[in-house]
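Let me begin by presenting the structure, written as structure tokens, before commenting on it.
Going in written order, the chains are labelled A, B, C and D, and every chain counts its residues from 1.
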Amino acid sequence: MKDPVGRKRWAIAEGYIPGWSNGPEPQMTSHETACVLNTSEEDAHVQITIFFTDREPAGPYSVTVPARRTTHVRFNDLQDPEPIPHDTEYASLIESDVPIVVQHTRLDSRQEANALLSTIAYASIE
Amino acid sequence: MKDPVGRKRWAIAEGYIPGWSNGPEPQMTSHETACVLNTSEEDAHVQITIFFTDREPAGPYSVTVPARRTTHVRFNDLQDPEPIPHDTEYASLIESDVPIVVQHTRLDSRQEANALLSTIAYASIE
Amino acid sequence: MKDPVGRKRWAIAEGYIPGWSNGPEPQMTSHETACVLNTSEEDAHVQITIFFTDREPAGPYSVTVPARRTTHVRFNDLQDPEPIPHDTEYASLIESDVPIVVQHTRLDSRQEANALLSTIAYASIE
Amino acid sequence: MKDPVGRKRWAIAEGYIPGWSNGPEPQMTSHETACVLNTSEEDAHVQITIFFTDREPAGPYSVTVPARRTTHVRFNDLQDPEPIPHDTEYASLIESDVPIVVQHTRLDSRQEANALLSTIAYASIE
């Protein structure tokens, strides 16, 4: 087995859960996702911290990504310690105890046709 | 001739083949692509492993990208050892014997107008 | 507290504020954003320089991103020393005195349904 | 003056000029762009090589990006030594004599509403 791929600290500077949706649920519900890939042989214990424009950060939110699995974390679904408000700008810091790869995706269905964005998150090399 | 550009290990943490399409085929069929560029003077033997949320990884899928060529691999078309299910979250690890560059693109035509996403994949430096 | 995440110099080579919009304001107004995340314990003093096709650069524009906060800078809103013209190609250089993470996003609502693009900006390692 | 930002070799593995368009020209004409930012004090002499699926590469195409300027190169407009065919998959290698930053963007207006994609290109560190 080769070394697992990725890094332990990632950041997504853009964050925004659209305030409304169009089309069949759940596929077409507006959502924002951090896709996490764990290619390692050990479970990844992931901590997500949410940063805002005008208040102290929220979290950490804890997510376990099992060994050799991917988890597509919907920010909409994070509830503990508090839900993330919709129609509000935020950013996120994602930290893991084993190397992971993080990709940021949004599906925005506020208008008749959906829009998509995606980018590999920023992998910290510090 | 300069050195070939790229790395030998890449990851795409986001993966999802939309479950339906609108518009003329094949251009407007919903699809998910790993675009591979091989600028080297040797053929690239590429192995793709697919990771899921709740089962063991599938693959490897083998693709050869000839020297000085690009291949846009549609995940929809991968059949051996097994097709990739639609409307299912996955992630992928892409490994090559020569340096390559990998970019991830999706065309989603589930609603009346198509949506696009693209990002350069994560290039492993480990 | 761990080290702050990010780098001090970032670049966005694509820049374009669409010339018109459709849909409810302010959410659906066409806009172009540099999302800045400052995970550090110190305020980030950010300077943005705008490059054009056929004239000398504009700026610097000064933005402060407080410690442990994110600011989503809309290029549409930059006024000092001069507004950025719409329907004009530009690019930007973003420099900070503490490490930050920068992500580039555009919402284009010129046609009936909005389109989105996003990418982590280029982090200078020079 | 600080060091210029960027690298001298970049790659875009995804390339595709949509075959048709909807909406007012030139803004809504389907197009594919390599945005190049040159923050240096010297003109950048840029050479673009286009790779295909099943034939030898085309080019190099020569573009000069003046000092402290950005040029948004539309692949649609490249004519010398040969135009790039539409509705055809390609990839590109972008080489410069001074450091530059490259970002890849596509506007696809084949359906009623336009779609956008963008990503910072792959910066070679080899």
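Following the convention adopted for this analysis, contacts are C-beta pairs under 8 Å (C-beta built on N, C-alpha and C of every residue); 3 or more make two chains touch, one makes a residue touch a chain.
What you are looking at is a predicted structure, and each value in this text was computed from that prediction instead of being measured.
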Interface numbering overlap (same over half, different under half) for chain A and chain C: different
Centroid comparison with chain C (C-alpha atoms), farthest chain: B
Length of the line joining the C-alpha centres of chain A and chain C, rounded to whole Å: 21
Chain B and chain C: spacing of chain centres that average the CA atoms, whole Å: 30
Sequence positions of chain D contacting 2 or more other chains: 111-120
In the complex, chain C residues that touch chain A: 2-6, 23, 27-28, 33, 35-39, 68-72, 99, 101-103, 105, 107, 109, 112-120, 123
Complex interface listing, chain C residues touching chain D: 9, 11-16, 18-19, 51-54, 56-57, 87, 89-91, 93, 104, 106, 108, 110-122, 124, 126
